[in-house]
Amino acid sequence: MTVPYPPQTFRTTRRVEFSDTDAAGIAHFTAFFRYMEQAEHELLRSVGLSVFMQVEGQEITWPRVSSKCDFRSMAKFEETLEIAVTISRLGEKSVTWSFHFTIGPRDVASGEITAVCCRVNPDGTLTSTPIPPLFLTKLRPFLTPDS
Amino acid sequence: MTVPYPPQTFRTTRRVEFSDTDAAGIAHFTAFFRYMEQAEHELLRSVGLSVFMQVEGQEITWPRVSSKCDFRSMAKFEETLEIAVTISRLGEKSVTWSFHFTIGPRDVASGEITAVCCRVNPDGTLTSTPIPPLFLTKLRPFLTPDS
Amino acid sequence: MTVPYPPQTFRTTRRVEFSDTDAAGIAHFTAFFRYMEQAEHELLRSVGLSVFMQVEGQEITWPRVSSKCDFRSMAKFEETLEIAVTISRLGEKSVTWSFHFTIGPRDVASGEITAVCCRVNPDGTLTSTPIPPLFLTKLRPFLTPDS
Amino acid sequence: MTVPYPPQTFRTTRRVEFSDTDAAGIAHFTAFFRYMEQAEHELLRSVGLSVFMQVEGQEITWPRVSSKCDFRSMAKFEETLEIAVTISRLGEKSVTWSFHFTIGPRDVASGEITAVCCRVNPDGTLTSTPIPPLFLTKLRPFLTPDS
């Protein structure tokens, strides 16, 4: 797969809301997992896609199979996190999103979400399926070259 | 409607989890709305019902039409809230749940959730419907007499 | 108190994030309470204030004493809520924020948060205190005239 | 370090609450991170400890430095997750908690939280510090032998 270099990076921000903080006075660690998913969905919207979408008469969705985050400094109420999103792996049926959180020059956290492409069956169950070409074309520019 | 006196009160507890707290060091006010709904669902389970349920071949659910809570003292991390649940109004198509939160002798909060009985249509939309007799029979004992 | 007519309305938006939705496919009712608080804090920032702030050498904060919300229609994943914020009551020691949620022409919800002005004591406890003139001056334009 | 074999496993449960679900009808992936932390805190309480605690005149707390979770099947509203907690690594200054989620015979998810032992300085900042003997003694029985 020929990947453009450097890859495209999607950038967004999230303010630490009061409801995201905990009694230690900082954004609770679970908030970063919400921020990651929100940034993923925002990237999808930015290229005309959605995490729930009809593709060729088929409802496609992306259940998460794993997620992780490393925390290097703390984020306080009303601070604004800058979030950089790339794709570290684009497999036949799955995608691994990478997220890097900073506040100005400060490194805050980095994490990943791996999601598998599924079609929704008529009975509501899910079956993994190759990523449709529409998604591949629009996601590939975000793939990091060493992937 | 003949209501037994005194009404039955459903009692449960919720510990304030760390993820429920905020930077002020107390349970965030939105946590109480989650606790209320959880207590409502727990009451329903205790009498063999569920907030999503097939009744006479019809899927019944209870969207919320209003909710409120008054806060009188603060709840800290790891404190255990005792929650008393009654019903303050049982209409033809709606129910108003009442919740009272205490920690030992301390009055913490009280609130309400009003939910309307709906059937789920084949297309997923909802239509309000009279509360099925099965629900009325099981909920009436919790109705406060001055309702 | 002479209140300008019409009052100033603070407007912001919130997209319904996937983590805000529930198994009924809509924004969970507790999400609206988070949105209300976030809009309140955003209004405060827009006039140079914060919900946690040093005023005349005194830390000032605003614990919630009550909140309520009425729900009139449902908000789905990725819909954008427009939120209009005014103040319906500005007392000596408390403020009642009013919020109206719409999606385009559709009326979605309206709610209130009442917060009491407190100073933070050296031991971390709170004592209610008259709203500082700095806050009164900056909040008064948002007061609705029939308050 | 001599570790008892087999290690002690702490077991607890969490019901999937409606507010934990998302529009896909299952527990949102971020809920598992909350469940993990709640189980960690419950284990600590079960041996007389707390995640915020005075030890030898020093406030000790445990900020998270990383967390991850792998998801293998879905958990629906009102299902009860059984959670098994052990410790996979007990370092000089950090602990890695391991969590395994099942619903009856079904494997649902497994994850980890790594937290570093810190003392709270008078100015509120944190400094990493060796795990106090009180904690080591009470945590060691949960350490898996191949750690």
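Read from first to last, the chains carry the letters A, B, C and D; within each, the first residue is number 1.
We adopt the following convention: a contact is a pair of C-beta atoms (placed from the backbone, for glycine too) under 8 Å apart; a residue touches a chain by one contact, two chains touch by 3 or more.
Computed from a prediction, not measured in an experiment: that's the story for all the values here.
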Intersection of the contact lists for chain A and chain B: C, D
Longest centre-to-centre distance from chain B, chain (CA-based): A
Computed distance of Cα centres, chain C from chain B, in Å: 25
Distance between the centres, which are taken as Cα means, of chain D and chain B, whole angstrom: 30
For chain C paired with chain D, centre-to-centre distance based on mean C-alpha positions, whole Å: 35
Residues of chain C touching at least two other chains: 18-19, 23, 25, 30, 34, 37, 52, 77
Chain D-facing residues of chain B, complex: 17-19, 34, 37-38, 41, 45, 50-52, 77-78
Chain D residues touching chain A - in the complex, by the definition given at the top: 23-25, 29-30, 33-34, 37, 52, 61, 63-72, 74, 124
Complex interface listing, chain C residues touching chain D: 18-19, 21-23, 25-26, 28, 30, 76-77
